[in-house]
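Presented sequentially are two complexes of chain A, the first with chain B as partner and the second with chain C.
And now, the complex of A and B:
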């Protein structure tokens, strides 16, 4: 396993030419599809109605409405508004939130920090648990533990998260009183949202780990290692796990991206001030600038995360680096 | 000469198993058997439910507001309890099956047909079309689908048709990419080349030679996707942007029961259970199909139930 020590040095040297090109290409295509998304959302969201009707009292006069629209730049034809928006965007100005009368970017970043924490904690727990449990099930195929684990992942894949969330609230908050029903503040507020978000990615990644470990355990190099008298533990942790991780990392990336987009339903139920809840609220209240800023911030985060996934690939598989 | 007219050597996929053999393979996997029976029941509810129980499901009885479950006092219709307006829950769940299943089936069917057709084109033609179609799929995939659904449904009215449309569009890339990947592999096989040499038309090659080979994969995915679409629809209805009352789906029933969580848990619990059981059955059926429709895996089921798992 001499190559293991040489790894970190190799990565810096070997990745540069090819990886940079790939990253650049990906950045351009991501930017293009983000631009498409921004155009689509910009025009679609303005079709949902007039914010003046929503923010001013019912008996507001037409002059007041006109004033409101003028103030927020909603009076121009939509395509002119779009040009203005792009102009501001180039200067790094995402506009103001109608609802909070603050820069939209600040509002989004505040919410995004919450979502980021939730996603990082959940994915860390999921990854560790799924790899440990998945490895064990792959080692003991057909055992009671294996059957239990696949039953668990089946339920996880089948159950709607909003239903799990409200059943958990009834059970653990209302009846048993162990944890608060919703909101934030203490560590206990995090328990239910994390547990509910944990279930589906855990079941999915568990199955991938299991399948991937099974095929790795059946391969020739493991048989060789066994023939040399290597014990079970080093076989799992040194030989198979590293090879089995490649497909697992892809799934982890997909699931993490879904969480970064904001777990809309779970955040709504638990009153968690994350970016998913912010997006829904902003759409319903026609807070256009916040919707657009939220889309761009999460898109950037997902792009960066995909880069990390690619780096992890390169670390694990020397073939990809060349 | 005789070589050309002789039947293709080594048939690409063995003749599909006879009906009795399919039933035997189903019986070999008891979980899948139960799943199929349950799905059949749900389907019956979806088709005949509104006809048989439509009146009972709409009848309000304010004395039975939030009536507790497991009591036969008000007749068997109230066995699962009553909702906030005193409507019996059991018939409501049966009636709601129709919209729930219809929306999911419509969305899956639409995305299946469109996705597979585009995938066949993208996979079999090397022309510019392939590139255009794949970029389109990339664009759809890069959108956060729930967000898109929320915006579109908020702009258009959230009717059954619009819901089907939105869900179908977000699922097209799944079928498109799978079909294309499979076509790219299958088109290089010997029997396709043989058909080309024999002068078969492109249309015939694609539909008679390639499509049958990739259909099992697509059907397996569609079964799994049915569960996914059902969950997506119920999430949208739960958030209040899906189906609107008086129309009803299981997701909407959970949402309506949410405000009575502390006093009457059964309002949200039963429809949620209906969703879980249905999606779980679909998952089980899909994993059975993956084995049963794969000629190299089928022996597991033909030997009997002991070897699978």
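And now, the complex of A and C:
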């Protein structure tokens, strides 16, 4: 009897020449926009002022300042600095961090690993929870569970994360003492940041899953499946879910991109050494090379993630492949 | 009384909606025997599909409610069975196919998988199911069945998709097949093929067939018996012959009278001057040629019907003339001036004289605009046609001209029926007092009786205002009643053109002959002859 569920589902042909061409096109346009971004950030960040004023003591002499600028190539006209920067970039050199006196790329990658872990864990939890809860609400539409989950998701989707973060610290760390307030080190350090980051995407994606499942359950092919005598469970998890996933994947991508960018507020509040906190610190201290490297690394990560989203689309929907 | 295979007794179904309780069917009774074809005939809203949905347990309760009645399958009442017992019957003993197979097939699974699922859902092992699915795909006439099994629904044509639906329904050799408008959106030649296939399969398996349709022609072609439904009730039943010749109920008589294709054919006027002359009109999309150098003339005040099946290029021609798409080559002379090389300013002027009415008035009317705004909008775009202070008066006149009322101007499209909406679209087209109206399948989506009214309206406008029509249609009987001249298209080319009488009585090209033979006539006797002609042509 179990053979109905065990029927192999055809996903072959996901990598067609059409797909290769689409990926190539996407890569070129992404590269162009990244280049535009680098230009913009390079010049804008230099408008914020002189790093020498921040890095040297207040009573440093003009000669020392001059020396500092000379050393870091900040004395040249801005367009010459840009040409030098691009030249180095081509050789894979992102320059050094002023703050840490180490290659900027190393500093960024260290922080990015933290952010990536945070993003992957959070999004995995969010996706699984939102799909399961969302599917149930759609199938039991109008039930107490549906109304409760829908209300909760609306609250979650609209609650400001900085407020939740601070309240959570006060409640769970300061008053109850269950988890540490900030930093890293133990598993417990992860609990609050993940929980706070979980809430908004969970609320949003749950809403999308519910709506998308509802419309898929009302679709004509579900009627056909009923007329064929297919059982409820395969109707929901085989016929409906795969169709309903298409809009959901788009939202998952958007939310994951926001996390990969570094959850600036949450990372700062929890003192989490991710790329969001690194960027804020670097901007405040005019550490130009780190800002640029961080932007390029996160941009590349988001590009790769979008590619994964496209691939998931093609895998789920044969109409996109041909 | 001997048991029937399936018997619906005194069935009443109502739906609880925001507007109150709707009685979808009221005390409906019919029966079906083995090997028999029963047609349920009705227009939209007649409740013709409701009893079959009740049979298949497809009515969601709520909002639906089965108020009374029983449905006996082999003497046992389906309505007293548990959902699981009914699921076991669905697909195995009683199967169903639907109109619009594209949306009724799951887009993300291969057709082979979906056909096999009928068997696996009822406990057959996967490999047996796939083997049977392959045989079925081959049986319903899909070329290259092994490759077809691995394809997805969107990779087939409309007719092939319906064949695949049939294969899916017949996987377990059901005793009953319910076909809900199985040929409605299909081309005439494809429609004939699908009905023939159903008939062959019925002869092979001895199943009972319930054919839900709005088309008297389908009844004449395929049914042994028919019931006629109106407003949720069965008003009459009998053999197609009896119903056609001895209809007792006024509604049945009205349906038969509304069926197009039996009026006098028109004779085009001699020596009329052409207002539109197309020469070598061509449209290519990359390597694909949608329209291949067609040439034709349209005379002042005449109706030129452009008929052809989907993909024949008939709508493309209209789009090129109105410059909704740019032609690849050729010219379209409007009073001697080429529309295709006009500047935007000149084109705006020409557009005033050429108006268009589309197939689906639900989509071609902006739902957020009132009827007054819709009909008067052309005057905003073309100032100077009607003075602003006369707009209300003129809109009222136009609405009355198309058979609506002046006070309808304040309402919105959703407050009207499909036929009334198409009248609004015609009023909008008339607002600029055009010389030519291009109707792209303008009556195809309407019920037969509404269709007859809209055609009568267009005929009246033609006679009173001298408007010429380019009438794009796939429905030959309508064309026969309305057109002066006919242009038959296939694969982007003109197959044949001539006066309507010549085309219908003496078609010279094989394709035109096949097209005419594939059309269904509401008179069972005429239809029998036509069927013989069709089989002879395809042999």
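Going forward, the second predicted complex is superposed on the first by the 304 of 322 C-alpha atoms of A that agree within 3 Å, B and C clash if a C-alpha of one lies under 4 Å from a C-alpha of the other, contacts with A are read in each partner's own complex, and residues count from 1 in each chain.
The rule is short, and it goes like this: a residue touches a chain if its C-beta (ideal position, glycine included) is under 8 Å from a C-beta of that chain, and two chains touch if they have at least 3 such contacts.
All figures in this text were calculated on a predicted structure; none of them were measured in a lab.
Chemist: Answer with first, second, both or neither: which of chain B and chain C does A:39 touch in the superposed model?
Modeler: neither
Chemist: Return the chain, chain B or chain C, that is in touch with more residues of chain A.
Modeler: Counting residues of chain A touched by each partner, the higher count goes to B.
Chemist: Contacts for A:155 in the overlay, against chain B (first) and chain C (second): which applies, first, second, both or neither?
Modeler: In the superposed model, A:155 contacts chain B only, not chain C.
Chemist: After the superposition on A, what does A:226 contact: first (chain B), second (chain C), both or neither?
Modeler: After superposition on chain A, A:226 lies in contact with chain C alone.
Chemist: Identify the partner contact of A:243: answer first if only chain B is touched, second if only chain C is, both if each is, neither if none is.
Modeler: After superposition on chain A, A:243 lies in contact with chain C alone.
Chemist: Please indicate which partner A:317 is in contact with in the superposed arrangement: first for chain B, second for chain C, both, or neither.
Modeler: A:317: touches chain C, not chain B.
Chemist: What is the contact status of A:279 with respect to chain B (first) and chain C (second): first, second, both, or neither?
Modeler: first
Chemist: With both complexes superposed on chain A, which partner does A:48 reach: first (chain B), second (chain C), both or neither?
Modeler: Touch partner of A:48: chain B, not chain C.
Chemist: Sort out for me which residues of chain A touch chain B in the complex.
Modeler: By the definition above, chain A touches chain B via 29-30, 33-34, 36-37, 41, 44-45, 47-48, 142, 147, 154-155, 157-163, 166-167, 169-170, 174, 261, 264-265, 268, 279-280, 283-284, 295, 298.
Chemist: Could you pull out which chain B residues touch chain A in their complex?
Modeler: Answer in residue numbers: 138-139, 142-144, 146-147, 150-152, 154-155, 227, 231, 234-235, 238-239, 251, 254-255, 258, 261-262, 265, 268-269, 272, 275-276, 279-280, 282-284, 309.
Chemist: Please name which positions on chain C make contact with chain A in the complex.
Modeler: These residues of chain C touch chain A: 56-58, 87-92, 95-96, 98, 100, 103-110, 113, 116-118, 120-126, 129, 150, 152, 154-155, 165, 168-169.
Chemist: Please output the residues of chain A touching chain C within their complex, sorted ascending.
Modeler: Touch residues, chain A against chain C: 1, 3-4, 6-10, 219-221, 223-231, 234, 239, 242-243, 316-319, 322.
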